[in-house]
C-alpha cells in the first residue's frame, strides 16, 4: 500500500526540532538543554486579553523558522529542547492558575535544574509566580530581573490583586526580589503613572527609558545592566513584555505604544541577554495573537525566543 | 462668545433618550419604566473573550438608532429608561465580580422593583448571579427562564467553577430554578455533548432545536414556550445568548455556529418575549465587539434590546 | 515578434461586453439599449462615506460576472450597453457636483432618450438631481418613484442642504414628484424618526415595511407597487439604496441595519422592477466599497444591475 | 513529578474522536467506517487560491465541534473514522499532484473498500482524479455525481488543462461518467458562460438552478435527484463546492456569489445526500481559509462534513 | 443603596484630566493653559476621507494615556486643558464649514488669547481657515508656519477650491502668510508634482526633504527651522499632517507613503516644536481612524498632541 | 453635447506617463528607455501565494505616484516607458508558463535591447527564466546578479522542480551564472537551512547579512557589491525579493520576517543599484497584494520600481 502522503522533506524547521514530551516521562529530562513551557493565562489581565492563545500560536509559527541562525552561523539544533506543553489553567479561579504556574516552575527546577526554562505567556502576572516557584527551590540564591517593558508593573495589589500590572511589586513586597536588582529597559512616554515612578525610585528599581536607550545604543544599555546585575546577584531572570515594541511593529501586543522599540533593537537586546552566564530563565508575555496583523508580532515573539537561545549557545562557547 | 459648535439637531437617537443616572440619585428611580445595567465581565469565559467590552460598544452604537419603531408605529421614547452604568468588576477575583453582580440586581429590585431591568453582558456566567440576586429579593416567586442559545449551559461546575458554560446548571443545582421551568430555543448541531442532553432530559429542561423551530415558525415556538411558562411560574427571566445567531450573521459572537438563527428570526422572537406579561428581566450575553465585522453583531444586539422594549410597550397596551 | 501575452480567451465577461464610450462620439449613441453612468459623489453624505469609490469598484467587479443569466436562460450580451464614464465632481463645491449630475442626465435624455440609463452612485443625494435632469427634458411626463430603502429620505433640507437624507423630500418640495407617486419598500426598525413617518403620511408617500413585505412575499409586494404606479404615472424611476440589505448581507453599505432584506429577496425585487414597461431609469446608491467584506456588497450591487437588465430584456420579450 | 498540565477534560470534541493513522499501519484499516483524506492542491485553480490550506484549517476547527448531533440525537463517535493525512503534492508539476491524488483513492479503495472516503480539498480539479481513481478499482460500476455548485465545471480542457473549472467535462470526455448521471444543484445567476449551458444540455447533464431549488424546497430537490440517480447508477459520488454558498455566508469561498445557498439549506441538502444508500464518497472543495471571515466558511465546511456523516449514520439505521 | 459600580480608580488618564467645557461658560476660560478644538471636516478632501471621525477617535484613545511623561519626568496634569468640543459642520456647504472654523478660532483668540489652541482635524483644508481666524484677531502679527508633511499643499485653488491640497497656497495668495515664512519638513519621493516645487521655489517656501532630514538628524533640522522662523516672525503656527509618517507606521493616514518619517522621529520633532516660545497654535490633520490598523495611527496622533504639550511645559520652564 | 465628465487635470501621475503598448506595434519599440513586463505567475510558489495578482495591483497603485522625485529634483517623465502587459500563463502546466516567460525576455532583448526591462512578478521562480531568456540572446555576456532577499534561493530542484526557492541554484547548475557573480544582501535570522549556506559557500556565492549591512550602512554595502560585480561581469541583473522587508514593513510579502530591511533602507539600496552602468534589468517578486495591509507593501513595491528608475536617470547623467 503506497500512495504518496504529504511529508515535508525540506530543511529542518523549528517544530521538527523541539520535542513535545510527556510530563510522565521524567527520566528523559536530563538530556535537555532547555525546556519550553506554555502558560496560557490571560484572564488576569487588566484589559481584556487573549494572550492565553499565544503558546499555541507560537507552536504553529515554529514552522516558519529553521534552526539555523545565518547571522551567527550557528545551529540551534545542536541544543536539545523539550516542549513541556501548557500549565493547566482554571476557568474561574485565578489563584488556582497562579498556584499551578508556581508548581510547574518548581517541578522544572526539581526535576532538571540544568535545563534553561523558557515560558511562553500568557500575561505578565505569570512572572511573579514563576520567580516565586524558582525561589521556592533555590531559596538562597539572590535573583535579579532584567525586564524589557513599556511599563513598571509596579501597581498596587490591594486594588485588583495579582494582575498583569503588578508582578514586580508583587515580588518586591514579598521580598522575593530586591528593588536594586530590577533593571527595566524600554519604558517611555505616557504609559505609567507618576506615582509608579516615585515607587520605583523609592524601591531602588533601575530603569533606562527608550529615549535614553536609543541614544546610548541597545548593545551598551543591555550590556551595562547585565554587568551591574552580574556583579550583585546569583541569577538573572529575563522577562520580555512584547508591548515594549513600538505600536507600528507590535500590533499583536495590545498595550504596545508609539515610541517603543523596533524589531531589530529588540532582537539585539534579547540575544545579548541570552549570552549572559547568569541568566537562568526567561519569559515572553502579553502577546495576543488574535489581534495580530500579518502574524508580525507572533513571528517576532518566536524570533525573540530563538535569539535568546542563540545567545544561550554563544554563552556556552565562551 | 458664539462660534457654532457641533450639535446634532436631527431626529432623536437612542443615546439621547436613555438617561445615564448616578447611583446616588436613588430618589429618581421611581420614574423609570426600565433600567439598563452593564455587566462587563468575561474573564469567566471558557474561551478567551472580550465580551467585557460590550456594554460600552452598545452605548456607542445607540447613536445609530432612533427611538421610533416603524414596523410597529410605536415610539420607545414614551418610556423612561435609565442607564445605571456598569457593575464594578475585580481584575483577579471572579467571585467578587459575581458577588457584585448579584448585589447590583438586589439593589435594582430593592430600590425600584417596577422598572424592567435589562442587563448587557458580559458572558453567560452573569445570568446565574442576576437570577440569584432577583430571587434574594423575591424568594417566594417561582421564576422560569426563556433562553435563546446554541448551548444548554448545563456543564458541571466542579471542573471549572461558575463559567459561561454553567449558568443554568448553577441555578438548577442551587434550587433557584426548576428544570421544568427552563425553555431553551435554538440549540442545534454539534455544539453540546451528549451528556448535557442527558442531563437536560433528566432535569426536565425543555428545549426546541433550531431545526424544529424553523419548521414550526419562530412565532409559534416562542408563543408556546411562553404560554407553558406563564401557566406555571410567577415570573420569566429572558436570556439571549447572541451565539444563537448563525455564524454568517453573528461574527461578533465568537461561539456562533453554522445552522443558527437568522437576524429576522431573532428579532421576531425577542419582540414576542418582550410582550409577555410575566417577563420580568432580560439579559444579552456573549457578544465580543472586538471580533465583530462591520458592527453587524453589535447593532443586532442593540436591536434585540430595542425589539424587547417594543414588546414591552406592546405589553402595556394589551 | 511573438511572445505569448496574457489574454483572457475564456467565457465572455461583463467588462468585455459593456463598451466604454467617449463623450465626444455622440453619433454612436443611437445604437445602445442602455447606458451606464458613474456618479462618484459622496461628500454630500451625512455620515462620512467613500461611496464615491463605487463606480470604479463596480467596473473592476464586472470581471467576475458573465453576461449569461442561467436562471432565466438569457444572455445580456444581446443588448448593447455603453459605459459613459463618470460625471465630473468638484472637490469643495457640492452644488457644482449636483449641477453636473443634473446636466449629465439632461445630456443623456437629449442625445438618446431611448437608452435605459443606469446610474452608479455615489450617495442618495444624486437621485434628486438625476430625476430633475430627467424632468428638465420631459417636463410633461408624470414620473413616479419605486424605492428600495431602509430610510424615507424625507429629511428637512433647511438644516443641512441636499444631502443623502433628503432626495425624496427635495423632489416633493420642488413639485417634481407627487407624494402619492412614491413607493418605498423595505423600511423597518429604528432607523427613521417618527416625524419623517408623519411627513410621509401627510405627503401621501406609500410604503411597505420589511416585515410586511416578508409576510406577503417580495414578488407580490413589488408587483402591487408597480401596478399602482403604472396606473397613474407615465414613467417610473427606480432607485435602490443598498442599505436596504440586512447588515449581515451588506457590510459595504454603511447604513445597512439588522432586519433588512436578504440577497435573494433584493435580486428578485430588482428583476421584477426591470421588467416593468414604465421603468425608465434606475440608480444604485450608498455602497461604500472601502468598507466591504469579501467584496460581498459590491458583487451584490453589480448583480442588482444585471438583474435589472435581465428584467429589462424580459420586458422587451413580453 | 506532577504539576498540573492543561488537559481538556470537558465534552468529547471532533479532534479527539477522529484518529490520525499512519499509512503504514494498514492492518487497522478494516476497523474504520469512514476515512478522511486531505488533498491540499490549489495551484490548479484558475484564480489564485489558497484552498490548499484548507485540510489543516479543518483539522484545527474540529476542536469547535462535539461529536453529538443534537438535532438528530445521534452521536458520530459510534462511527470509527480515520484521518489519513494529506496526499503529497508537488510544487511545480501539477500532473504529479493529480497522479498522486488518483493513486491515493486507489489505495483507499484497494485496502478498505468498505470505509466511506471523505476528501477535503483543495480545489475542484481533484474531483476528476478522485473519481478516476475510484473507477480504476471499480471499473464495472456505473458511477453518478451529485454536485452542489455555482458552476457547471464543464470548461474546455484544451485551453488550460485540468483546472478547477473542468472536472465534470474531464470525466465526461474520458467516458468515466455519463452526462445523464450528473446532477448539479444550486447553479444560478451570471457565473457560467452560455456555451457551458449548451454543452451541459448536449451532454445530458441535469441541473436545478438555485431559484428553482428554493421554490421547490431543498429537501424535495435533493430527494428527486438522488431517486433518479439511484434508479440508474451503482454508486453516487457527492461533491460539494463551497462556492455554492451565497456570498454573504461564504466569504472564505472566493468564488461564492450573490444569490447562492444559505447555510441551513446547504446543511439540509448534505445530510439528505449522506443518507442515500448509494453515495460512496464525498469531497468538499474550493474553500480558501486565508480569505475567511470569523471562520464562518471553515466552520460551515466542517459542519458539511459532520452533517454528511450524520446522514451516513442514519443510512445505516434504515 | 450601594452596589459597587465600575469606577476606574487607577492612575490618572488623559480623559480624566482634559475637561470638556461648555461653550456658554466663557467665564472659566481664563484658567486654561491650552484648549482643544475638534474640527470634524473632511468632505473637503481630494480623496474620500473619514478624517472627520478623528476628533472622537482621539477622545476615546485618551484613555490609553497617562498624563505623566516618563522620558521627561514631567506631568501634564499641572497644565489646565479644556476640550471645547467640535466645530459644527454643514453637510452640503463646505464654505459654511470653513466659515465656522474661522469663527471658532476667532472666538478662541478673543475670549482667551493666552491659552494654546490645539486643533484636531479633519483634513488639511482647515489650517487655512484657522490661520485666517487667528490673523483676523491679530492682524499686525507676522505669522510663520512650521509644517510636517509629505506634500507642499500648494495646489491651485481655481480647479477645485479650498481642498486639503491647497491650504498653504490659500494663505500665500491671500497674503496672510509670506512664502519665506513657511518651513515644510519631511517631503519626499514621488508625491508632489514638479510644478508645485517650482511654485514653492518661486514663492520662497523653505523645505527640507525627508532624506536630508534623516541625514542631518531631526533635532537639528527642526531646531534650525525654528531658529530661522523665530528670527523673523512674531508667531509660529505648527501644523502636523499625519501623512508625513512612513506608510508602515501610519496606516490610518491614507496618504502616508513609503519613505516617510518613523514614529520616534515624529515625536522628537513635535516636542521640539512645542518648546519654541513663538509657537502659538498647532493642528493635527489627515488622520482617518476608520482606516487605522491596531489603532497605531490614532495613538501616535494622540502622542503627537501630548509630546507637543510636553514641549509646551518645557518652554515655560526655560 | 457637453456634460462635464470626470477627468483628472491635476498633476501628472505615473499611470498617465507609462504607456501601455500593444505587442503588435513593434515599430514603436525603439523609442522607449524602459519597458515594464508583468509576470503573473505564482502557482510555482512553495507556500500558497497570490503574487500573481501583483502586476495588476501595481498598475492600480501607479495612480498614487507622481513622476517627479522631490528628493532628487528629477522627473521620470523625461524617460519614455512602455507597459508591455502581462506574460500569458497556463493554469495547470507551469513549464509552459516558464517557457512563455523566457520567450518574453528573448522577445524584449531581440526587438529592443536598449530599453531597460523591469519585470513585475509573480514569484521568484521567474528570475531563472528571465535570466535564461536574456542569456539566450546575449550568450557571450557574463552576467552577475545583485539580489536583495531574506533567502538564498538555492534549494535543490530535484525535490520540487523550479519553484520560488530555487532560482539561483537553477542558474548555477545550468552554468548560466557563476556563483562568484551572485551578491545577495539582506539575508538574516532563521530562514535558511544550514545546508543552503554550505552550498552557497561551496558555490562561491557572496552575501552580506542584514546585521552586517546595517552596521556598515546600506550605501556602502550596495556600493561595494556593485563595484566588485562591475569589475568582473558584463551585465548585472538586479532582483528584489520583497520579503527582504522587515515583517513590520512588508505585510504583503508573505515570507517577510522579523529582522529584515526597513523601507528607507530598501529604497536607498535600490536607487544605488539603478545608477550602476552595468545593471541591465530588474525584477520585483514575491509580493502578494491580497495579503497587504493599508497597501503598504504594494506602494513600497511601486516606489522600488520608481527609485530604480531614478537611479537609472542619474546613471545617464553621469
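A, B, C, D, E and F label the chains in the order they appear, each numbered from 1.
Here is the rule we use: a contact is a pair of C-beta atoms (placed from the backbone, for glycine too) under 8 Å apart; a residue touches a chain by one contact, two chains touch by 3 or more.
All of these numbers come straight from a predicted model, not from anything done at the bench.
Mostly identical positions are employed by subunit A and subunit B in their mutual contact, as over half of the interface residue numbers are shared between these two copies. Taking only C-alpha atoms, you rotate subunit C by 180 degrees to land it on subunit E; that is to the nearest 5. For this pair, subunit B with subunit C, the centres built from the Cα atoms lie 39 Å apart. Put simply, the C-alpha centre of subunit D and that of subunit E have 57 angstrom between them.
The residues of subunit F that reach two or more other chains are 159, 248, 262, 291, 293, listed in rising order. Those residues of subunit C whose C-beta lies close enough to touch subunit E in the complex are 42-46, 48-50, 52-53, 90-95, 125, 159-163, 290-291. Those residues of subunit B that touch subunit D in the shared complex are 155, 159, 187-197, 209-212, 214, 246-248, 251-252, 256-259, 262, 291, 293. Every residue of subunit A that touches subunit F in the complex is listed here, in rising order: 9-12, 14, 64-71, 73, 75-76, 248-249, 262-264, 267, 293-296, 299-300, 303, 306.
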